[in-house]
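Remarks on the structure that follows.
Chain naming follows the written order as A, B, C, D and E, and within any one chain the residues start at number 1.
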Amino acid sequence: MAAAQLLPILLGIAWLIPLVSFVAILFFGPRMGAHGKGAATVATTAIGASLLLSLIALVSWTLAGHPVRSEHHDDNHASIQSHDAGQSPGIWPASHRSPAHSDAVGDSAGHASGHASGHGEVSAPISYSGDWYTLYASGALRLSIGWYIDSITVLMFVVVTFIATCIHVYAAGYMHDELHDVTDSEVQLETGESLHREGRFHRFFQALSLFCFSMLGIVIAGNLAMVFIFWELVGICSWFLIGFYFERHSASTAANKAFIVNRVGDFGMLIGLMALWGGLGTLHFGDSVSSATGQVEQGLFELVRPAENHHEQQVPDGLVAFAAADQIEKMAASNPSRSELRRKVAASVPGWREQGYGKWLLFVAGIGIFCGCVGKSAQVPLFVWLPDAMEGPTPVSALVHSATMVAAGVYLVGRFFPVLTPDVLLVIAYTGGLTLFIAATIAVTATDIKRVLAYSTVSQLGYMMLALGVGGWVAGLFHLITHAFFKSLLFLCSGSVIHACHTNDMRKMGGLLKVMPYTAWTMLIGCLAIIGAGVPFVLGLSGYYSKDAILAQALLFSRTNPQHSILYVAVAGGAFITAFYMFRLWFMTFAGAPRDEHVFKHAHESPRVMTVPLVALAIFAVVAGWALPGGLGVESLIEQSRPAGTAETTTTAGIFGTLTVPAEHESHAGAIHVTATLTAFATALAGVLLAGVMYFKPLISPVAVAHAARPIYTFLVNRWYVDELYHGIFVLPTLGAARFISAIDTQVIDRFINVLAWTAKRVASVDAWFDRVVVDGIVNLAGRATWKAGLELKRMQTGNLRQYVMFIVVGTVAIFVLATLLFRTSVAG
Amino acid sequence: MVQTLDEDQRIIEFDVRTDEMLVNMGPQHPSTHGVLRLVLRTDGEIVSELEPHIGYLHRCAEKIGENLTARQWIPYTDRMDYLAAMNMNLGWSLAVEKLLRYQVSEKARHLRVLIVELNRIASHLVGMGAYGLDLGTFSPFLYAFREREKILDLYEEVCGARLTYSYITVGGMTADLPPGWLQRCEAFLDQFEPIIQEYHTLLTTNAIFVKRTATIGVLSPEMAIDYGCTGPVLRGSGVDIDLRRDGESIYTAMYDGYAFEVAVMKNGHYPRDHEYPAVPKDAVLGDCWHRFFVRMLEVVQSMDLVRQSIDRYSQCKGALGEPLKLAEKLPAGDTYLETECPKGQMGFYLVTDGTPIPWRVRARSSSFSNLAVSPELCRGCLIADVPAVVGSLDVVMGEIDR
Amino acid sequence: MMLALLGVASVSHYLVVGAIMFCCGVVCMAVKRNALGVLMGIELVLNGANLNFVAFGSNYLAADGRSPLGLDGEVMALFVILLAAAEAAVALAITLNFYNNHATVDVDRADDLHG
Amino acid sequence: MNQDAFSISLSLFALIDWHGFFFLLFAAIACIAALMVVLTDNVVRMALHLILSLGATAGLFFLAGAEFIGAMQLMIYVGGTLVLLVFGVMLTAQTQLVALRTPAGDRVLAGILAAALLAVLVQAAFSIESWQKSGQGIVSAPTATPLGMALVGVRVDQSAEANLLDAKGGYLLPFEIVSVHLLVVLIGAAYLARAKRRRVPRPVDLMASVDSVEPRSTVDSPSTVLSGGAE
Amino acid sequence: MAEFLIETIGLPTWFAWTAIAGLSAFLILNVIAGGALVFIWAERKIAARIQDRLGPTRTGGRFGWLQSLADGIKLLAKEDLMPDGADALLFRLAPYVSFCASFCAFIALPFAFDTVGQRLNVGVFFVVAVLGLEVFGVILAGYASASKWSLFGAMREAAQVVSYEVPLGMCVVVPVMLAGSMDLVTIGEKQAGWAMNWFIFHDPFTFIIFWVYCTCAIASVNRAPFDLAEAESELVAGFHTEYSGLRWSFFFMAEYGSMFLVSALAAILFLGGWNGPVPVSELLGFSDGVAANAPFALRFIGCMNLFLKATAGVLLMMWIRWTLPRLRIDQVMTTCLKYCTPIAAAMFLGVMLWQLFLPGGLVPGSFRAAAGVREGWLEQSYRKESAEDESLSLKNLSRHISEVSR
């Protein structure tokens, strides 16, 4: 089977298996083994099966021979193959037009060869898109469940399912407490006792399965509506999981916070969706065939970067026309025929576009979508929920922070990249930069091991956003994937530590290296990976490659746009701080002497079911960045699906002035690359060294430093006072308004109603008198008459059943006889 | 944990008014375990009253005992609980020994443990198999008898008899073990051990079996004590009494140094219950299922004891000791001793006047008291539950009627 | 004698059988004091009526091969059977209730509704 | 045997109208059994006769070509009677076999009335010429499918295949009404016959789940059985 | 076959038909009586093997295969006892009622596609209805025995059988719905071809309802764990406590006959009837021409298939009997009313919806290699009915409706 048919089936099934698992556990969870123990097996098997299918999909993607689009490439081979695939109905490669359509826009094969001589980057990448099921179709709007598959989809599937599998296995061990009745010492009942409740083991895996299903749904989604659906599903799942210990006040608050903060972002996203739909009438990424009309509908990517425009970005006709609605109204005022009007509008669209109609709409759409990503990926200013989300069980943190929820935002920006204008990209870059800096600084002072990791996640997400914002599409997504591995590793390690120490506080740890070697060493690998350790130009851990790519791109960006050099500073500085706090964490936890004997004495290595995932993830944290021969590395795989038209340097005059988004491959150029690599190495080394002298060989006392810079320290310990700020700005005014409205309700409306009620009562008493005297009188009269008649008639009733039968028979015979006598003719005849 | 009336499943609702019926179950009914006659007053299928009528097997054993010497009466004890004759022999022997203040040799002591515990296994096997039969499944019965046959084979080697052994006598045994017997006994135990799992599969965990036994015939600990129930019936209600541990010193001395835990539910757990099927959710302490389960556990417990006694016995040197002379005079006085037999506590009482022949002999049988509680347990249950309840009491009519 | 058996099965014959059953049912209802007997009488009556329906609905019995009622007869018979079953259920329930309250099934004692 | 006599008897045998023969057989069983229902006092025997009568009627239905109705009669009607029989046994088998005899006057009166009714009915049965003609014996088509279609509202027996949809006169509405009616009746019957009394539980039942108690030091001390209960 | 006698041998029509009817009755009687003998022997051997013993070994040489016959002779020779207070007529009548019901049901049971006593177009219902009459014998026996145990047995039997007829009927309706006919022959023929065509594999619902049918069938023929009517540990021997000798053996013949009958019905309704899992005859080329000339081979194979399947069902019942304890009467009723009936109803609904949306079954269109091979042969014997059925089937109707509406 060709990849075009195979991939949607494989990934579709891989996507749905967790749903099956969810439903199964939902209905039969409590009956799966003792205390629902089998739920873990079901969920793990499901996600394992998904992993297997994803791996098969990856292999089939690779085997399908999609071109490596690094420097020089030739599309012909792949195009022909996708052409073959395109023949089957219902499956529609985005790069391909139907034969009926080909005269208009040209066959992609010919198209690619036609332009291959020039800049060489203009043909669209291979991707497959299509619909499984149309949820709703009305007018132009078609909401469907569909797929858009390119190499990132496949890669993300593998990454998500792999990490989720590891986490499932790990959680089966981690959550074993839930297998029995749990006494939650953190929840005090009114009686002063701890809460005693039933274990919710199966509930956990139920939510986990739904979570995986939702995330995979985002990854495979073929249109923005579907993305939005699963976006919200991910949100609700995170609500379930963060609030898993919902009896704890902190947990329920954190769950609500995550949910509400995300809603803020999602509101922006809705605006973006509306803008796109209003202007373009479609939310599909790729081209698709409408099942209703059978015609090809152009997808968003094609509309924004049309092939005839060499995939360069332009404001789509629809948006232009949407923005120029008043002009069109004017045209329509002269009552032209419909087709004439359409022709007229089409003719004047290029002119309007020149005048800048629709530019803002596209900007709003991009920013709107990005708003959603800000919420989900915890960017400034909506990052406050993520550290609180640590209230969930650690496997959840690992999942939320590595492969699923937060990755969704970055993934969406990556997926939506072709539509984003340079202005939007600049906003993204600055948001990312700000995020990475703020989060990194907060992480420096945090003492809760999970919080450090949480802020490091926020910071790394900032990195990714920044990378995408400065045009480093591959760099950003590459970092997303490598980060997924080492961050899940780090979280699981921290979970292992917490499992052993029963505390989150790093100040009580130390010296755990001896008792938990597996955890310590795998965590060290994670730390090295996240700071991008490696021997420059030779070999490194996965983070080394992805971080270098980001640095290089940021450097290139700041060279081409000197006014935005601050971004590069943020990146470099961020790298330094990252190295510092990560090794601070590691040193505090594992190195040195135990700080708390009690904790140390009880610490022990975690069971095999928890360490095996650690080792597996550690291996990937090391090798995920390596480029294999034959273009099999993650980076080159991502490169295969680079959106058309983003490979070259573009300069546009945008809202924020002229902006040059440099081509990514230029960052591989010698000078830039060397500088970036050396900077990265130096900053990381410096960070590690500083952490070393402060926490490993305490040459500098951290306390002294904190004392010396007390205002800054306080500021950082209080997390930049962001939560307090939000409380002041949003929560207090809302409460005030509510109080005011409540006062109106009680003072004005209630009184009015009371008056009404009093009046009604008076009227009713009059009515009651009439009812009693007149109406009842008539009815009683009738009743009395009936009663009298009944008294007379009751003598007929003997109550003897057999006698009644006799009566009936006599009656029947009599009627027959009478009828025969009287109407003899009619009966006989 | 008292359930409210509305939810109580055991409250039987009438929907049809029917006439009362008086039904005779037995003395020749397939499920009355011998010649027991139960008179049921039923309302449809619901038993409103049950009355056991006994005496069909009465043979004046106690009176005969007053005309025989102590050793001569041993064969009559065989015929009381004929399924556990060794235990009967032991009870009588120990009672007489108590009167004589006689202590058997160490070797005889271990041999006695070995023999009676083996007989306990055999007795419980019959009880278990027959209980399956009562509930309408025939196969477990034959599986149980298959294993019991092997025990009987071993006994045959020891004393020549397969049912009425008269092996344990006052002062020791009639004979020592034949050569190689211990190995054969061990071989049997090794072979038997995995088979217990089979019984659990066929009965203990069988859904229908559980449905038929759980919450049926619930005997509260108080009532069990009030009615004088003993043995597995008592322990099935959660009362922690076992004469092997709590009995008189002459009896408990026999088990000195043996490690065993009384098979009774404490704090919601049976000893070593992780090795056995979990208690089903429906079962409440004191119902038929628990009585049955206690017997199953005691089989395992007895196997352990047999293994221990084999070790000890084989390490003992010296002779078994001499049994009481056939017509040896008994000192004047009276004595009463209860021992823990498979069915419960079996007590023997004798009054002597200095002659070899006791002046009075009486036996207190466990089945008698256990059966006495059946009217209470069967009130309000269905006819089908009557065999289930009576079978779970595991009575032997020979013991009741004597 | 055997020749005499020829051609006896006509609609009229069915009707006669039905009439006999009907009358037996009526008598049963009239003379049985046992409520269950009355019930059985009702069953007989319904059955007699049913026989008529089937007879009129049968093409096989019709002189010209086309029955007066056609399929309607069978449908009616089916309905009667169903309703008879329902009637039996309700009547039994009533009888049981009566028995619960009066400890008898004698319909002559069921005269609480007399005037 | 004489060859001629054999062939003559064979041909005579061949002349038998088997349909008529079976009709007479079933009709006789049905009528006699019905009569026996009237004449028997024992409820169980009455029920047996009723079953015979109904079963023979089912046979008549089969003869008339209404196979489905016959099967239904066996299944539903006879089954329903079975319930009657069981309850007859249950309610009356023990004590009340005797004594429920009707006064002779009632019996005679009922007999006379029934005879009158029978006379009227038989007269009516033979009043129309065409009813008395024996059937053509045309093997009719199976009626189960048309019956089912009629119940869902399509009269396939009355219209050609082409215009099935135009065929009116189906029984969809009566079918639905009967269905609802049956449901109502069953619920009503269940309601009427529902449990009115409940047995007060024994104290033992109420305290079934009490955990193990400590053994008493003196077994013979008067014990206190838990009395009372949840109520 | 009657046509064969008429046309080839030239016998008079009436004689041919009478002879064939007599032959059929004789054969069916032998199926029951002989079957009962074999099954009783098999049950003894199987029970013995399950219980780790040998069972009969001597009578008749090897395997004790004549044991049942010897027992039968013993029973014949036994004194025919009747309790004093018994209702003599009913007591004598009861065993024959049971036996007749069991026997009558065989009339409509096809053993192969055309080997059937009387092909009825309401065959399924006929079999179920007549089988339900068997309970009368039991009730009469219980009542007439003048024994309280017997009366208990009869009551239980009545309650149980009447209740179980409801889910049983529902289970039976499902294949009827799938086949679009109540004719057992048609139902069997619809499952011709590979094993995937069997109704049990038609969809998940039929798979489940098959097991519901098995449960209800075991209950309706009073086999363990539903053998409440004769529960020996409670009711001595239930309804046949007072019976002995030949009358007693009639009950047993009825029981084994019914066991075989419900198993055969299960085979026809769900397990492809006389069609093997692999359409060997079709694959070997017994196509129309050959089939018309050599129907006996096909018939023989069909009969063997059905016998094997039905025997497997009987053996399954035996296996269950010797494994499980007996349920209590209230539990039996609970099983019926709280589990079997709702499940059957739900599955019935499910199959209905499945038919609506996926009428082809689980593997639509495939494995239908052999369907319709025997149609010519069948049409010859029952042309009219099949034509009628075809034109009136719902499928055609819906086609008409769609054509008209267009």
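The working rule: a contact is a pair of C-beta atoms (placed from the backbone, for glycine too) under 8 Å apart; a residue touches a chain by one contact, two chains touch by 3 or more.
These figures come from a predicted structure and were not determined experimentally.
J.: I need the common contact partners of chain A and chain C, sorted by label.
T.: Common neighbours, chain A/chain C: D.
J.: Quick check for the class: compute each chain's Cα centroid; which one is farthest from the centroid of chain D?
T.: A
J.: Name the most central chain, where centre means the mean of Cα atoms.
T.: E
J.: Find the two chains joined by the most C-beta pairs in contact, please.
T.: Greatest count of contact pairs is found between chains C-D.
J.: Centroid of chain A to centroid of chain E, CA atoms only: how many Å?
T.: One centre to the other, that is 58 Å.
J.: Distance-wise, how many Å sit between the C-alpha centres of chain D and chain E, to the nearest whole number?
T.: Taking the average C-alpha coordinate of chain D and of chain E, the gap between them is 23 Å.
J.: Could you give the separation in Å between the centres of chain C and chain E, each centre being the mean of its C-alpha atoms?
T.: For chain C versus chain E, the centre distance works out to 31 Å.
J.: I'd like the Å distance between the centres of chain C and chain D, where a centre is the mean of that chain's Cα atoms.
T.: 10
J.: Which chain E residues reach two or more other chains?
T.: In chain E, the residues touching two or more other chains are 155.
J.: By the touch rule stated above, which residues of chain D touch at least two different other chains?
T.: 13, 68, 72, 79, 83, 87, 90-91, 102, 106, 109-110, 113-114, 117, 124, 139, 146, 193, 196 - these are the residues of chain D that touch more than one other chain.
J.: Give me the residue numbers in chain C that touch at least two other chains, ranges are fine.
T.: 26, 30-33, 96, 99-100
J.: Within the complex, which stretch of chain C touches chain A?
T.: Spelled out, the residues of chain C in touch with chain A are 26, 29-33, 38, 107-108, 110-115.
J.: Given the complex with chain D, which residues does chain E contribute to the contact?
T.: Residue positions touching the partner: 12-15, 87, 90, 120-122, 125-126, 128-130, 132-133, 135-136, 139-140, 143, 151, 154-155, 158-159, 162, 165, 169, 181-182, 384-385, 388-389, 391-393, 396-397, 400-401, 404.
J.: In the complex formed with chain B, which residues of chain E make contact?
T.: These residues of chain E touch chain B: 47, 50-53, 148-149, 152, 155-156, 224-225, 227-228, 231-236, 322-331.
J.: Okay, in this complex, where on chain D does chain E touch?
T.: Residue positions touching the partner: 10, 13-14, 44-45, 48, 51, 55, 67-68, 70-72, 74-75, 78-79, 82-83, 85-86, 89-90, 93, 139, 141-142, 144-146, 149, 154, 156, 161-162, 164-165.
J.: Considering the complex alone, what residue numbers of chain D touch chain A?
T.: Listed in rising order, the residues are 102, 106, 109-110, 113-114, 116-117, 120, 123-124, 127.
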